[in-house]
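Multiple structures follow.
In the two complexes below, subunit A is the common chain; its partner is subunit B in one and subunit C in the other.
Up next is the complex of A and B:
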C-alpha cells in the first residue's frame, strides 16, 4: 500500500506544481489582453488623468511581477481580489466608501450552479455512456453497435446550440414536459432545481456521451483477444458476464481518463449551453468579465478551470492506479 | 465396446488470412474413451491447438469448422446452440492453457476465478467451491493451500500458477480436460512438478484428457496413446509404447531422431591459449537488486560455451554485461586479452563489431518495416562503411551462407518468413558484422525441434568455417549436449559448476547440476514415475517452490 501512497503523493505534488505554472501563464496571458479596463469603463470620457487615476486605484500602475505575487499571495489565502466592475473607486467616491463585492462573492454562487449542472449531467451521462459502450462491445459489429455509434457521433458532431434547440423543440415546445428556461436562483427547492436543470443536462449528455462510450467500447474490445478472456469463455461464462467481470476491470484505466476529461469539459466549457438556457453558471460570468476587461474575475475563473482540470485528471490518475491490482497488491 | 466419450469424425477446420479461408485441419478422426489420455503431437502450425479447441466445440476468431462432426457424450458440439455448449464448457469439458500467467485474469484473485465455473454452473455454492479449491490446491502440492488462492496472479510464480489452473479446470470435476502445452513455458525443474501434479489428478478423478504438446518426451510421460499431426493431417496413431519403440511413418521417425544430434567434441584448447572472451569476477545489479556475483569464465576461439540455468539464474544478464548494455559494478571483461570498457558507449566501433548477438525471438528482434536486404546490409554499412553494389554483394553472400537463396529473400519483409527463416536472418545479421564472438540467447527455444536442429547444424557449420566462438544461453540440456564444448551452470546469479561438456554430463555433479540434468524429460514412458520414486514424493517441488518469478 505504501507504494500506492507514494505514487499518489507524487501526483499530488506534481498537480500543485502544474497549477503554479498555469497561474503564471494565466496571469501573463490575461495581462496581455488588448484593451484596458479603465478605458473601457470610462468610454468617451477617458481623459488621461481619469484613466491614470483608475489605474492607480486598481494597482495597475505597479510592475507586473509585483502584481503577480500580490495576486498569488491573495489567491493562496482564498482572496481572489476585488472585481473591477464592482469596485467603488476611491478617486471618485472618496476614501471611506464601502469596498465593492469581492471576486469570491461574485463567483461562488455561479460556480455552485455550474457544479450542480455538471453533477446532474455526470449522473446521467457517465452510466449511460459506459452502459452503451458495454452493450456496443457485447453486440459488436451488429446493427445495435452501428446504431449506437451513429447516434453518438452525430450528437458530438452537431453544434451544442443546435442540440439544445432540438431538445427544447421536442421536450418543451411540442411536448411541454420540461421548462425551456433554466433560471435557477437561491432558495429554490431541490426538486424544482433538478427539473429546471434537466434540459441543459440532457443537452450536455448528448455532447459528452460519444467519447466515453466509444472509449469504453474500444477498451473492452481491445482485451477480447486476451487469453484470460478466452479462458472465461471456455469456462462457459455468458458473454455479458465475460465482458463485465473479465474485460471491464482491466479496461478501467483508459475509460476513467476519458470520463475525467469530459467532466472537466462540463465544468469549463459549457458557455453556449448556459446562454441558450439562460443558466446562471460560471461560463457566462467569465465571458462577461472578458468583455469588460475585469481582470480579477477572468483570472479567478481561469484559475478555477485549471484547478478543475488538474484535479479531475489527478483523480483519474489515482483511480487508474488503484484499478491495477499489481500496484494495489505488490508481491 | 462402449461408446467413446469424445468422437471426432472427418473434422475440417479453416483459418482466415487476408479475407481468404484456407484449410488448416484436413479431416481428422479422433476417439477418446473415459479416463483415457491422448497425446496430440506435432510442430507449430500443425493445427494441434485449433483441433484441441474444436474438440470443445470452440473456435477462435478467424477459424471455422468447415466439415465433420464432434460428439461429446452423444452431444453434437458442431451444431448445438451456443447455450448448450456453454452448459458443458467449464463443467464437463475444461481447458488448461499454455501460459497460466496470461490466462488468469489479472484483476481477480485466483480463488475467485476458481469458483466462477462451479457457482455459475450451479454445481456448488461459493463457500463449498472455495473449500474444494483449497483441497485441490493441497492435492496439487501448492504451498500454503489455504492462503495461495487469495492472491492475485502476479503474486504467484509460473509453476504454481500452472498448477492453480489445473485445479481450476478440475473445479467441476469435468469428464474431459484439454491441456494445451501446459508446461512449455516452464523451466525443466518446474515442469516436473506440474507434470506430476497433472498426471496425479487426472488419474485420481479418472478424467479423460487430450494433451497437446510438441515435446515428445513430455507426451511419453503423460499419454496412453499418441496421435501425430503434420500440417493438419494425421500421420499416425498408436499407444505410447508402440509409438516410441516402433514408429511407422518417416515423419514420426524424423521427429524421434532430432534428439540424437550431437556434434563431435573438440579437443581442449592449449592451456596457454589466449581466450577470445574472458569474463573475470563480474558483479551486476539492477538498481539495488544484485543479480550477478563473481561470475568468471573464458571462451576460446572456435569453441562453444553453453550457459545453462533456470529463468532468473542470471544467464541473460551475463550476456548483457558482456555486450556492455548493463555495465557490471565490478569485474573485468577482456576481448583477445585486452580490457573492454564496461559500458558499450565507451567501446570503439571495432570492439563493438567483434561481439554480436542472436536473440530468442527473431520475431521481435527484426525490424518489421525493413526488408531482409536492409536488415543484413545495415551492419555491413555501419561497421565496414561499405555501401552500394559491394554491400549488396556481401548481403547476398551471407544469405547464401545461411542457406537462403538471396534472389527470393532480399526484398521480403520479416513478416513474410517462417520462424526458422527469421532466425536464419538473425544469424545472417550477426554474421554480417564479421564478429569473432556471438552470443546466442535461447536461439532455438521458440522453434520446433526439426527447425531447431537445422539451426544448430547451421551454427555448428559456421563455427567450423569461420572459427567463431559462441556463448550459448539455453535452458535446454538437449541443446547443450548437441552443440556445447564447455558448460557453465548458473544459479541465482552465481556460477555453480563449469567445465568440459563430457565431464559435466558424467557424475558426480554439483547437486544443482544433478537436479537440472535429471529433470530433462527422457523418451521413456516410465521416466517420470522412476524419477519421482527416486526423489521421494515428498521432496517434489523443493527445488523451486517458494521462489516467485
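Up next is the complex of A and C:
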C-alpha cells in the first residue's frame, strides 16, 4: 500500500508544481501588456501624480517578483483582485472601505453555475457513452457499430456552436420542448433549473460522448482476444455477461482515464456553449472579460480553468493507478 | 412534461414489440436458432431500426419538416456523389491511386471529395463569388430564396446581411479566409513543432529536457483558454490594426498547437534515431540538417501526415470558436465563425422562413462538414497504415 501512496503523493506534488508554473506563465503573459492597471483605471485624464498614487496604493511600483507572490498569496486566500469593469477611481483613492466588486464576488456564483452545468452533463454523458461503447463492442462490425462510429466521428468533429444551434433549432424553435435561453437566477427551483440547463448540457454531451464511447469500445475489444475471455465464452456465458463481468473490470483503467480527460475537456467546451445559450457561467464571464480586456478577471478565470484542468488530469492519473490491482497489491 | 410521458410510452411499446417480434420470428421459422437464441437487445435493435425508418418516412410527408427533407436529400446526394467519385477514382489515374480507391470505404471517398471541393472553392473564391466579400451591394437584411414577394432579390440568392453584403459571396470567401488561415496556421505549427521535435530527438540531452519541460507547462493550460488569454494581450498590442490581430492569432494558435506536434515528432523521431542507418549516416559525417531532412523526415511521414489532418481540424475548430466569440478573424474579412454569430438570431424564424433559419447553420455546417471530411479520411488512412481490420 505504501508503494501506491508514494506514487500518488509524487503525482500530487507534481500537479502542485505544474499549477505553480502555470500561474507564473499566466502572470508573466498578463504583464506583457502595454500600460498597467493604474493607467487603464484613470483612462484619458491620467496625470503622472494620480498614476503614481494608485501604483503605490496597489503596490504596482514594487518589483515583478514581489507582485507575483502578492498576487499568488491573495489568490490562494480567495482574493483575486478587483475587476476593471467594476472598479472606479473613487474606490481606489478612498479609504478602501468602499471598494468596487472584487473578482471573487463576480466569479463565485458563476463558478457554481458552471459546476452545475458540468455536473448535469457528466451525469448524462458518462453512462450514455459507456453504455454505447459496451453495446458497440458487443455488436462490433454490425450496422449498429458502424452507425455509432459515424455518429461519434461526426459529433466529435463538429464545432460546439453547430451542435448547439442544431439542437436549438429542433428542440427549442421547431418543437418548443426546452428553453433556448438559460437564464439562471438565484432562488430558482431545482426542476426549473435543470430544465434550463438541459439544452447546453445535451450539447456538451454530444461533444464529449464520442471520445469516451470510442475509447470504451477499443478498450473492451482489446481484451476480447485474452484467454480468460475465451474461457468465459466456452463456459457458455452470454456475450453481454462476458463483456460486463469479465472484460469491463479489466478495461476500467483506460475508460476512467478517458472519462476524466473528457471532463477536463468539458471545461474548454463550456466557454463556447455558455456563450451560445447565454448561460451565466464562468466561461461567459471569461469571454466578456477578454473582449473588454478586464485583466484581473481574465487572469483569475484563466487560473481557475487551468487549475480545474490540471486537477482532473491528476485525478485521471491517480484513478488509473488505483484501478490497477498489480499496483495496489505489490508482491 | 407531456413530451416525456410520450417518450416513455413509445419506449414501452417498442419493448413490447421487440418481444412480439422475436416470438413471431421463432414461430414463423419453426424455432430456428437465429430467433430462438436472439438476445433481447438485438430484437429491440431490429424493432427500433424499423420504427426509426417508419418514423423517417412519415416525417418526410409532414409539411413542416423542411429541415428533415433537406437533411435526407443532402445525405443521399452526398452518398451518391461519394459513390460516383470512388467509381471514377477506380477508373482514372495511376495504378497506385486506382489501388487506393479499390478498398476505400464510402466515408473516406466522401471525405476526399469534400476536401477537393473545399480546396477548389477556396482557391477560386474570387472567380466564383458574384460580389466582393466586403462590398455593400444591396438593401440590408434581404431574405434568402430570391423571391421578391417574400422580401428577397433574385440577384442575391442567399440574401444580404445586416449591412447589405451579399451572403453567398461571403460564404464562398469564407472558404478562402477561414480554411486558408487555418491551413497556414497548421503549416506554421508543423514547421515549429516538427523541427523542434526532431531536433530534440536527434540532439537529446539538456536541449531535449528543456524543450520538453516548456512544452509540458504549455500543455497544462487548456488550449482554448490559453488562446483567449493571449488574444487579450494581442488585442492590446494590435490596437486598432485589425489585420495585425489576425496575424497575431495565427502565431498564437500555431505556437499552442505546435506543442502537440512537438510531442509526436519527438516520439517518432526518437524511435528512428536509434536505427542503424542513422548510426551509419552519423559515422559518414553527415550534418544535422542532412540527418533530419534526408533520414528522419522521410521515415516519419505516415504518422505526421495523419497528425496533420487531425491538427488541421483542431486548429480550424479553435479559429472558428475564437471568431465565433468575436476575438478571432476580424472584419471586414468574411469568415464562417463570425457569420454564425451575426446570423444566429435568424434561427428563431425557422417556422416562417426555413431558408433564413438555415443561414447560420450553413456557415456552421460548412465548418462541420470539412472537419468531418478530414476526420473520415484520417480515420481511413490510420486504419490502412496500421493494417487494423479488427
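Basically, the second predicted complex is superposed on the first by the 290 of 331 C-alpha atoms of A that agree within 3 Å, B and C clash if a C-alpha of one lies under 4 Å from a C-alpha of the other, contacts with A are read in each partner's own complex, and residues count from 1 in each chain.
We adopt the following convention: a residue touches a chain if its C-beta (ideal position, glycine included) is under 8 Å from a C-beta of that chain, and two chains touch if they have at least 3 such contacts.
It should be emphasised that the depicted structure is a prediction, and the values quoted were computed from it without experimental measurement.
When the two complexes are overlaid, the chain among subunit B and subunit C that reaches more residues of subunit A is C.
In the superposition on chain A, A:238 contacts both subunit B and subunit C. Once the two complexes are overlaid on the shared chain, A:169 sits against subunit C while remaining clear of subunit B. Within subunit A, the residues touched by subunit B in the first complex and by subunit C in the second are 238.
Interface residues of subunit A facing subunit C in the complex, by the touch rule stated above, are 18-19, 21-22, 25-26, 29-30, 32-35, 135, 138-141, 143-144, 150, 153-154, 156-162, 165-166, 168-170, 173-174, 177, 221, 238-240, 264-265, 267-268, 271-272, 275-276, 286-287, 289-291, 293, 295, 298, 301-302, 305-306, 309-310, 313. On the subunit A side of its complex with subunit B, the touching residues are 225-228, 230-238, 241, 245-246, 249-250, 323, 325-326, 329, 331.
Against subunit A, in their complex, subunit C makes its touches with residues 3, 39, 41-42, 45, 49, 64, 67, 107, 216-218, 220-226, 228-233, 235-237, 313, 317, 320-321, 324-327, 337, 340, 344, 347-348, 350-351, 357, 360-361, 364-365, 367-368, 371-372, 374-376, 379, 390.
Here subunit B touches subunit A in the complex through residues 53, 56, 58, 60-61, 85-91, 94-95, 97, 99, 102-108, 116-117, 120-121, 151-152, 154-155, 548, going by the rule given at the top.
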